[in-house]
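One structure coming up, written as structure tokens, with questions to follow.
As written, the chains take the letters A, B, C and D, and residue 1 is the first residue of each chain.
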């Protein structure tokens, strides 16, 4: 944006105006609607936003007012944000799938006077809770479908508001510019409510500088330009979406496309073929699974070809991507593979043009991660949080390590507290939690260091590894750092391991309960010609035990390579006689292990693990689908895993 | 946004009563007067008379073979009644040619789906707009200039219909491959594409499962509501008829048995008798 | 496999309704056309004269018939007659009107054919299917008889044949004995390309939809407001126009001179019928493939036995040809009633989904 | 002007002046008409039973005739040759069913029609391949001498031909009315599903009709062959039969017969009295024009019943 270096591009309305001047004819927003990708250029978007802003003003929107935004990803909803900001207001995007009550909390807490809703469905939710929202005065809806009989005076059609706005704009020339000029970088930009997994949602207040600088740093670091394309399909209330689809889009001027509907995302992805793509791990997982399933149905020779080239890619793909030296022959083969398999595959998945792919939210399985990278797709993980305006650390090009979340993002400082918790400091550090100073004080130190609540460490060459939630991290009696979740993930990344629960806090060594993956191990057993009656039987087999032991040993191997974790290698483990089950309350409905439940229900097993006995009888009650319960008895062998001598003393890192 | 909606939503004449969808019911738009029709010896319709009022939903019910479909066929000029007359917008139409019905704003769907199997959903709906497209074949051969402009304008309208009926996903699928329920919806779309004033629906819900029926009912009501389209429908499912129709005409063996609001008809003795024997789907 | 559709999204209806929405298809088609124009640089006279020009002429005719039968669903066995009308009209125009541009003449004769087409299309309002087919046979016999009987049509020359006079276009002779095969080839090719494109446009527009509507469900079509007579007659007219133009080219650019036999039921009408059935009803591309197939098979049958050193009498060969031909027709109808077009479609889908089966 | 007179005036005058010539033409017309009817019957049978417009009927005539002649040339006595040929036609029916029809079940009419055109080529090809394509005399001992019936000059051959045709027609009528198979076939014609549901396998039906069509073709072949020699042009009489079908309707046996007679007579009379006006040889299109004109006024044919379309 060299041309505008002079102007202060420190707020979104200003960026918008600048883009409209600089790249006015380049596409800014797309939406699949009426069968084609309706497209708005930057200058069109500018006019739309301006009209809406003036319209809001005409409806009495004042500086400092909060504007709730409720709906799926739609250009018109995105435009409402700069529109509000232009008037010195603050957009408050709300999770569109949240039920009326959750919505009520946010709107009440943020004291929104205005709301923009996508359609009848969202409007109905608002009307349901309106009387409990004294602050809420005006509701603007985008889609007129089904709204003919809503005659409440405070309901306005988006298009009408813009109409009013144009009139108002014509009547008060310079009004818009004036309003825009009143705002500056440090001002409040947006309030994002962290989805309330624990307790009440907190309203994170972010300034223009927070968002814009973070976005700009990352964008420049990754070399994003106005020619990039991105598909916005994740909730608008999520900080990531805000900083990609608003922050980076406005900073670099790239085009953001909105899918036709949540059902058609994959199809739309395929049509748009974004160059810049974000998805949480589960989406990559789904893609990979569907690929594998579909290829299973292909003709024999095709399958053979596919797997041959996949093995090749697995061997050399990543090195080629990272620009390492690869034999000419392999390169030739890989090129052939690109023509026959990788290219078509990427095409079918809609990733042909992908230059940069992000993955974050939780740890992604190495095999999945590697699969995409070996296809030549530059998929990277980053680590971030709402309080940081997203980016804290990003995997640098050419130096990807599947078990780390990369190096500190530009402008970010990271330090690890003695407790093992990761702290950061960056231009993106949030202002405060809205109306919740205690929380703010807890999270943000006086000198602007922010507690992430995650435990991790920086390895020798400055790569950040996140190992667990800080509160779950414990220590062995010898003081070694222990991150159960990290170990469990390591184990779960093996296809044969379904669940794993690791113990060791205030004990002498680490031990684990393991669930085998009935399907994976079942297949393996069939290939081995091993007959079995069911889970319990299979889990009891010595062959299976050996199989699992391999996994554990491998896991230990990895751990050993890391001085900080080498101490927490698994010493003893046993394979559970039943699958951990949500119906038995051992897992949450989202299949997360309920540690306390497990440790009290299997107390005697755990005791056995920490005794010198090599087996242990159990009887447990299982609940079947039909609700019948039954008790099963089993004698579980306890296995010793092989531990590897660590290269350096355990406490090296601290 | 949706072109059709904005275009027609405003036409709402003053009238007395309110329809099911809260829409004002206008004055008589069609007058069926003593219509009789027979094939060879069979008397399909015997001196049937009733009115259709603007913006209303009128249901024609009756046992199988009561002459319901024949009635619709007379209205849109596919059959020509031997006796009686049908006036539409003050103009006599029972003698008119079949294709003129469409030109006069009468569209319909069929009892057993009559889609153009070889064409995609989109093309079927576009075909519904043929009437409104005028450019000659020379322009069309060039697919350029006026012809192209026209084609694109109408594509936009067709898309509005597709959006209205929520059939985006099957836009380009050949209708032959669609499940029954969807085909019915596409057929409705084809009829809507003509932006009709009167919509004749011949058993729009026949052979549908419960939720398909619910959807269809919703669409029918929406059509009547959003576009003010007058709707004459034949339906077997009594609960549906009673729910959505403003007035009901009962036929039996080609004769009109009763006419009135759902409740009146429900209480009518003749109707009850006629229906006792008959089994319903 | 070669398709890279990701990122080929459409932002306007214009793009979405393009003839070939997918880039790779556009490239392929363009390449084929270009190659077609380069063929004369490599092909020898025999191939141009006996095979390729013949193919182009029949391809044009096939497209014409396909518009009528494949799209509008009106069966016609009168193709030969309409072609004959074109040919004789063109002959009369060029020989009787001084300095009449031959291209114009060809187009005009197409117009005459169209008129005759409308005339014999009239019954289609009342009759359908095979009845109509037979009605068009009437056209076939009557018209050929007429051209045979009435000397005026062939300028009363004793041989009873019409002979293409030497005419040139833009200084290049494209008809008559001294016109080079290349020139004729390029003329026919240009006609084919242009008219194939027109046909494609027609069938994806209002008219094409009206035709298909009549074909698929004429009652529903009429109730929607499509006027059956106009629609069907238009189909007859345009179809006959194509046949007429092809007929004119047949005499002027291919045969050089011809009698009515050249247009009879078996040598033209049925052959073209086969072309579109085998190529695929309701497919422009299919018509062209079908024409290629039907034209090449006999060529192959005549040339193959000698190639492998089998000498057979022409009579025997003729019968063999008939049999093999018949067998192939039947086989094709059994194996793939929807013709080459369908096969191509399947292959294309496979390539698009590659490496997945679906 | 004088052309118009020669069309609309002169012929009628002539008819008035020479009634016997007219009558003679009528009779000759009738005798050819019977033969048209025969071929048309072949069409109707198959169309009724399988909804198939069997274009190969003409080729079957040629094929049958060629086979017969061929056998006789190779020294078989007439009766033997006849039997063998019949056998061949039956075999043909089986082959067609096995190799063609059964694979085309519930294809649309047009496809079936195309298939029969293919079959047409195959039969012509094989026939001429086996027995050569040069014209052959077929001597079946039908006397061929002119005789006078009053003032009208007739020919024993025509009369015999007519008789044979008539006999066959009667035979068929009986078959359809009296025999079980006959009734079955009629049933199929009226309603496929129904017929199948009463348990007549489609296979049998098809073989049956094709056999009958084959026999009919054989008879037609003999008569035509004996009259004008056996040659390729025989297969063209199929084309002659088409207008007959239009006149009579594709599904009506009596229609085929009446239609045949009308065409036969009309043709001869037209050639005799109107031919001169058009410079002769109007036979090969007159029938079609007649049929076409007829169609426009009665689309369903002479005996076809009016179709009420329902929606």
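Note that in this section a contact is a pair of C-beta atoms (placed from the backbone, for glycine too) under 8 Å apart; a residue touches a chain by one contact, two chains touch by 3 or more.
Keep in mind that what you see is a predicted model, and the values were worked out from it rather than measured.
Engineer: Determine which of the two chain pairs, A-C or A-B, is joined by the larger number of C-beta pairs in contact.
Structural biologist: Higher contact count goes to A-C.
Engineer: What's the farthest chain from chain C if centres are computed as the mean of the Cα atoms?
Structural biologist: The chain farthest from chain C, judged by C-alpha centres, is A.
Engineer: With centres defined as the mean C-alpha position, give me the chain A-chain D separation in Å.
Structural biologist: Chain A and chain D have C-alpha centres separated by 80 Å.
Engineer: What's the distance between the Cα centroids of chain A and chain C, rounded to whole Å?
Structural biologist: Measuring from centre to centre gives 59 Å for this pair.
Engineer: Indicate the whole-number Å distance between the mean C-alpha point of chain A and the mean C-alpha point of chain B.
Structural biologist: The separation of the two C-alpha centroids amounts to 50 Å.
Engineer: What's the distance between the Cα centroids of chain C and chain D, rounded to whole Å?
Structural biologist: So the centroids are 32 Å from each other.
Engineer: Pull out every residue in chain C that's touching 2 or more other chains.
Structural biologist: 12-13, 16, 219-220, 223
Engineer: On chain A, where are the residues touching two or more other chains?
Structural biologist: In chain A, residues 35 touch at least two other chains, as defined above.
Engineer: In chain B, which residues are in touch with two or more of the other chains?
Structural biologist: Chain B, residues with two or more chain partners: 78, 110, 114, 155-156.
Engineer: Which residues, counting only chain C, touch chain D once they are in their complex?
Structural biologist: Contacts found on chain C: 75, 122-123, 126-127, 129-131, 133-135, 137-138, 141-142, 145, 149, 219-220, 223, 265, 270, 273-274, 277, 281, 315-316, 319-323, 325-330, 333-334, 337.
Engineer: What does chain B use to touch chain C in their complex?
Structural biologist: Residue list for chain B touching chain C: 76, 78, 98-103, 107-108, 110, 114-119, 123, 126-128, 130-131, 133, 135, 137, 140-143, 147-148, 150-152, 155-156, 190, 194.
Engineer: Which residues of chain A touch chain B in their complex?
Structural biologist: Against chain B, chain A makes touches at 33-35, 143-146, 148-149, 159, 260-261, 263-264.
Engineer: Given the complex with chain C, which residues does chain A contribute to the contact?
Structural biologist: Per the stated touch rule, the residues are 27, 30, 35-39, 229, 270-273, 291, 294-295, 297-299, 302, 305-306, 339-341, 343-353.
Engineer: Quick one: in the complex, what on chain D touches chain C?
Structural biologist: 53, 99-100, 103-104, 107, 109-111, 113-115, 117-126, 128-129, 133, 239, 242-243, 245-246, 250, 278-279, 281-282, 284-285, 288-289, 291-292, 295-296, 299, 301, 309, 311
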